Each structure stands twice: as structure tokens, then as C-alpha cells.
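The letters A, B, C and D name the chains in turn, as written, and every chain counts its residues from 1.
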């Protein structure tokens, strides 16, 4: 079982939480804490073997403890896999990568749907067999309706997490707000550098020597959401914008996959405009 | 205060330790645990604000708890800085780097002595002012006596940690055993590749595309001690062995400095032939 | 057009080659040279716009120049794509990755065949549509026959380059010799560390802090062939052997893909036990 | 000898240059070219053994060839070392690093002066023995005069290259213009992210997962000059702004040292707002 929590810091949190688990016969396998001395907030992730302790009982009993500390918290059996929807546009390298990783068991999730603003034929070379596919093309005129359809689909499929796998449509503020803390985007630049459109072309024009990609939570503020993971690769003056796009695909894939896996393992906690990531 | 401990895993360790601290009014600022499922050993590092709790009292009271779990443990006030001896040979880049980092406050330690098998003139460009310098030249014939002198010096100066900063003499098994867990060497290769002499020349001959350096605890078995930290850098066919030596200096410096700083902050715990490193 | 050459160094090579091209109306777009001062060998790769110069004429005329310098050389129109055979075993992440990169145009090659020692059903989630698939299971008893069948297939399909994409069979010395300079293997360790079987388990047992993968030419000497590319990733004490296998997949994929792309672009020149790689 | 040149591309440049060298008995040891297909400009760096050819004769004869192609070019015997002035402020890690690298022969240059806006006592732990030190404190009122003094010093000392080694004063547009292509600054962020003051604090506030440093030519436009080299390091939510400052020192040191060494070896060619760097 995985417990995560955050609350205003005060003495005794670790003692109370670990004693709570010990008294119910649970054994802690891994635990990480973080005390944000700037904000005074405390963050914790505990993985424990419940040794037969019942999840629902644990949950209702923990509720009392949690209230006393004003905790935001989650308690989850990893066997209950998160339900994930993947959104894609024309470029399908992130989509293909996530689906492959899922198929070989690297991403512990249930895929509720693939949603794309391009038709299914776009993705013939990605093995989407067994996965519901929805074509929701978006134009300025239809954006409002299509977002409503998307939101309906998210609800109907009981989707927990939405992944924008190089989905090239900006979500409206309203939808972004509804998906707070559970919508992950991959931006193809090393944020905060090169926000917005065509970041590799911007990077080429500026003459940087390293490019990157950033996985972040989506907020109403474009490319300003809390960053979950970033990575980079060296480039040289020889690289054309097309070379950067190619090299970038590799960075995007691994950054998005890492961010998603951490999220699926409850390693990512929101901390205002930032994230606490208890990496493996 | 920093508490570290390791012991056979069993339920309740975190609960007991955190409750112990809570009952004495201490507040946990940072804590990391690791449960080695292979060996069944548990490792923990806790940083806490004692809020006036007395160190000696804490120590004697914790002794009882520790015994019950068969813990190896340390409890230290970071204000009591470790006493560190640095050994160097002809190449002084690691020595110069450590001394500089110490002078600007990056390495929280007291330097007990600089010991070298080359005379003081070798290091005129390193600012050793205020640091006791000992010239202990070593030959096959004098090795035994010089190691005895070194050991005497370590004891007299109450040295906690010995750093081999590109010290090119192999310690005898006997001395290595006495310094178990407190003697850090920097080897100029990415272990286990290229053990022994002239690793950069070996790397060049093999045609590798990445070189590295490894900081490890010294044991009687040359270059086989528990690894604390490693890092690497890309190279190309253009690089001569001399280029590798040059590029390697940068890797060695940062790897050794990182390993030492982690050791000074009680982040490095021995785990058989391996280390647990609770990095920052 | 891409010209590569290597020969004993002497003054005038660049002058002769560039003048040769200039006199035939060709314009050099990119050129890289390397003079191995250890062996006295010279290496060069030139990309030029032929401006209508005929390839066959260029080739026969260059032959004369090349003989005078005892050059090994190649002259190729990138439009004539290399013919590549991919060999795979049970783990198909490298296979899937190479096929995907090929489909989106990242790897300029023609795939002659997929050969596996596991049946086609193993790879249902990889889109092998349109690719000839050959199941050549190998046992101690059948190895000789199967290698003969493989070699026959290589010849019949006019395969230029053979890629061992985590193919878990060791080629015999005889076949390795026939494929000199055109068979690329991905070894899942940072060579020369952890040769042979189960390198991630070896790495875990040794307690290294960084793992890697190496793409190299196959020779009769296992994991000792000329290295083309290597890359690494940081790990920690938390990582189990299974985590290393997972993290390793990402390294293997990108290292093998990079090595293959460079080979497809004539960027990799043999230099005895080493390679000269004129990277982009 | 090292020849560098840039000019509008046209067929025959490599042929003409290499034939020029061959006819004078010179042997090319290393050569790199780059054809910027966007701007149509061609860049080249050639290292050759003159075999007794006289530098001044080569230079005057090359002038004719250069004119025909409208080349900007340099021809230099590495034995004529560049004359370098280092400017520093309170933080001296880059200063100390450069001086150390110079003393052990890693940076082939003559140091003309150390100039600081803090008094000499600030740097007691850096070995400045034998180096002219100038204290030029700057206030709003004195900036104009002090820049004039600095410029006079640059001229009097025949300084070729000025290095701002964490010098915290912004050069005026006028002085920046005079030093075009020969003044290197280290900015402690991964440009274009976090321009201006306190970049590590900006990075901490934004919650990035990787920080960096950038060495660039100084222009009148703050932190917008052509980038020569960048590098990065991973960070985590645990890192305070002070931790970033500490980790950043390591990045700054190696990025600035690399950029300077490349400049000293004539590997850095200006290409408009960008640089061509023929790395080793």
C-alpha cells in the first residue's frame, strides 16, 4: 500500500503516522519525507506491507489522524491501477512509446482511451489493438463542444490521469482547472526557456548548446504549470531545427514516461507552483 | 542533529525511532529510509531539530532502543565537525579542490593534516596556510614504517576520515582494515572498468566513448571497495590519453568532493560490499 | 554523396581529395578529418553536393587517386539506402524501437528481414507488417545449421548491415569474421565493465552508481569488439536488478539507435580495435 | 599552426585552402568544416604542421587567397599564447579555478591582469602570486571612469581576451562593442531561462528539475550574447537556493573553463548571434 500526505509541519507527524501503521501490523518498506522550510509544509510518502490489514478500515481510521493535522492524503493499493487517458496529435512518438511501455508492464495503469484530434489512420503503425480510440477533431469553432465531449469521456471512463502526449491543443482554463494535479503535458523545451510554439526552432535560432524537454502539470497558464521532470541533451552548431526535433523526440519520450510512472506510483505531490517528487 | 542507523528489518522501527524523538520534543526535518529486500537490512537517516534536548542524554537513552533492534547507529550534532586528513601525491588537483571548497565553507570539516609522499614544495600553488603538512615519502623499504607513522598521526590528530586525494600509494591490508568505512579513495576510472594503473591509458586503448571516476571506500582489495559515487563524461576518438587525463581531472574533483560531502553529512551507510547513499 | 576513406597519413591527402571534387564541380557540404598520431593513420568523411557529377564516373576516377594513397574508401549516394537485417530474441524493446524509428523516417535504411530465435507470436505488439520474418530457433545442436541458414539469408537478401537488437545468441567466430565492420551488437553494460551474462545483476551486486549500455561491432571475442557508442544513467541503492533492467532498456534503445544511424550515414570508420565516429 | 576562416560558401574553398597548405609543405593534422545552409556561410578550422614554413610568409600569401573569398580569417602559432585578463567580483570560485588550471598548464595563455571590483584581501586564498592585480571598484558614479581605466589597461597590457569570471558588473554597450568576440562571460543559468539577477533563486521559485550555466560572448544586450558552451546538473525539491548556488559553482567552473580553452585554441567562430564551436 502507498500512503501520501502533505500538511503544515509540526512535531510528531512521522511518529503518529508510523505508530498508526505499526499498531495495525503494517511494515514500512520505504518512506521519504520532505519539510519545505520556506512554506512550512510537510510531505510524506510511505510504502508499507499491510500484512492483511484491510484497506477500507485503514482508510477510515486514518481519516481521524489526518484531520488532526489538516492533511491532504491518499491511500492506495498499487493493485488498483490508475485509469489513464492518452491524448495525441499528429506526432505519435510519445503515444507509441507510452503504449509500448504499458504493454510490456513498465507502466502500471489501465488505459481508458486514446483520444486524438487526428483520425485513427494516422496511427496505423502504433499497436492500439484493444484500446478505445476517439477521434475528436478540434477547430476554433468546435473547441468548446469538443472539450465538453472530452470531459464527458473522462467522467464516463472514470479516468484518473490525462496525459497530453504531444497533444497540440491548449486546454481551456476551465478544463485545466478540473484536471488540476492529474493532467500531465510534455513540453518540448527546457522550461522556462522557449515557451509556446516551435521551441526547437526557437532554440536553434538562439544558438543554445543543450536542448531539453519538460513534463509538467497542466494549468490555465500555458507552459507554466508545476514541473515534474526535465531532461536534456547536448547539441552542436551542426544541428538543424530538424535534427533538434529528432533528438528532442528521444528526450520527450523518456521525460514523459518517467513523469507518468512517478505519478502512477504516487511519487509526485503538488507543492503550490512546484512539485515534490520522491524519485526511485 | 543527525541520526543514522542500520539493523535487521522488522516492523516498528520507524515508529519506535520517531516516537522516541517526538517524546523528547524533537522535530524531524528530513528522513530517509531504505529496506534492502535482498539482505533484510534496514537503513535510516534522520535529521531533526532537538529543540533543546541534550545530545548526551539522547544518546544514552537511544542506546537502549538501539540494543533492542541490534542497531549500528550514530548520533551527531553537525556542529561537531568531522576531523579529516587528506593524503596526496604529485597531482594536486583533488587536493587543491578540496582545500578550496573547505575554505569557502562548502565542506563542513576540520582538516587535521595534509600528508604527502612528495615534499611541500610540490604544492606551492595550493594555499595550505594554516594546515599541518607532513611529508612521508614511501619506498618499498620504508612502506611499513611510513604506514606506522601515518597511523600514529591519524590517532594523534583524532582523525575521523582519511581522504586519498589521488594518493598513489596502495594502503596495506592492515591499515585498510583499521580505516574501514572512513577512508575514501578516488579512482580515475569508471569501476569496475579499468582497475589498477593508468586507467585513462587503458580507456584510450580500449576505445571507450565515455570515461568516469569512482569514489569508494578503501578495503584491502584494490579498487574493489564499496562505491560511494561515480560520474562520467563523453569523449571521442580525437582524445589522446593526455586529453583523457585532463577531462578526467574535472570528473575526479567533483566525484571526490561529492562523496566526501555526503560522508561529512552522514549520508553514506555501509551495506556489505555496497553503500546506501541518502543523497541530497 | 558521402565519401569516407582511411589510409596511412601523408601530406596532401585533403588537398588531393578536395581538389578532385572541386575539379568535377562538386561542392563540399561537410567534412571531418582525423589523424591518429599513434598509428599514423588518417581518416576522412566528406559530404558533398555532386551537382550532376555521375557517381560511377566519380567512383572509377577516384579509384586511381585512392590507390596512390593505399586508401580503404567508400563512395555512396545516400539515396541508395543500406539494407539492414535485425535479429532479436525474447526482449523486443530494441526491435520495436528500431522499427518505429524506421517507419517515421528516422533511420534511412531498407529492412531486409527480421530474424528471431523466438516465434512470430512473441512480437504481436510490434508492427512488423510488410517485413519478412524468419524464425530461426537455435539450440546447441542446431547452431551450426542455423548460422548457415542465417548467412544464406544475409546473402540472398543482399544485407549490408546486421543488427543484434538484444539477440541473445553469440555468433560463432566464423560468422563474426564474415560480418566484420557490419554487424552491430548492443551490450547492456558499460563496457569493459560487466561483460557476459546478466550485466545488470552484476552491476547491482557490485553496487555501482551509474549503469550504461554499449553498441559495438561484433568480433569473435565476446563483448570486445570496437565500441561505437555508449551512454549511461544514474542509479541508486534503491534500484533492484529489475529496476536496472527497466532503466537499462532506455539506455540500450538510444545507444543502439544512435550507433545504427551513424553507421547508416557512413560516420563510423574502423580503426583497428577502435572506431572513429564523425558524429553529427 | 591554426588557421580559422569564415566566408560566404562557394565550391572550391577546401580545395584551395588545402592545396595552398600542401604546396607550402604543410601537413594537415586536424580539420573541421561547417556549412551553414541557413545563412550560406562557410566556417573552417585547420590545424597543420608547417614543417618549417614561415608564419609571416604564409600569412601574407594567404591574404591574397582570403581576399578572393571575402574571408575573415586568423592564422596563429599556438606558441604565441593569447593574452588574457580575468575580471572578478566577490565570489572567486571561477577565478580560483581558472588560475589553477593555468598554473598546471591546462589553459595555454598569458594572464595580463586580474581586475576586481573588490580589494586584493578578498582573494587571499587564491594564489595570485606573480599576477598583476588591479582594484577597480565601481559605483554608479564612477562606472564611466572605471570603464575607461579598464579599457586603458586592456590596451596597455595588449590583452586579447577578457574573461568575466562571475564579475557582477554589466559592461556598458560601448565597452561591450569594443570587446566583440573577445569577452567571455559566465551566466549562472541555463540561458535563455532566468536572465538577469539571482538566477538560482528564480530557478528555485519556478521549481525546475535541472539547473545550468552558460558561457557566452558579451554584447550590449544583457545575457543575449552568442552562447559558447552550456552544461547542466539535476536538482530536486530538497535543494534550497543555497544548494543551487553550491551545485551551480561546479557547473559554472567547468563551463567557463571549457569555453575559454576552446577560445584559446581558436575553436570558437562567431556566426551572427550564434557560435560555431569546433569542439575537441
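Please note the rule applied: a contact is a pair of C-beta atoms (placed from the backbone, for glycine too) under 8 Å apart; a residue touches a chain by one contact, two chains touch by 3 or more.
Since this is a predicted model, take the numbers as computed values, not measurements.
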> So which chains count as neighbours of both chain B and chain C?
Replying inline: A, D
>> I need the common contact partners of chain A and chain D, sorted by label.
In response: B, C
> Across the interfaces A-B and A-C, which one involves more C-beta pairs in contact?
Replying inline: A-B
> How many angstrom between the C-alpha centroids of chain C and chain A?
Replying inline: 36
> Considering chain A alone, which of its residues make contact with at least two other chains?
Replying inline: 30, 34, 37, 236, 238
>> So in the complex, the part of chain D that touches chain B is made up of which residues?
In response: 30, 93, 96, 100, 103-104, 106, 124-127, 236, 238-239, 243, 246, 249-250, 254, 257, 280
>> Can you tell me which positions in chain A touch chain B when the two form their complex?
In response: 9-16, 18-19, 21-23, 25-35, 37, 51, 234
> Considering the complex alone, what residue numbers of chain B touch chain C?
Replying inline: 34, 36-38, 190-194, 205-210, 212, 226-232, 236-238, 240, 271, 273-277, 279
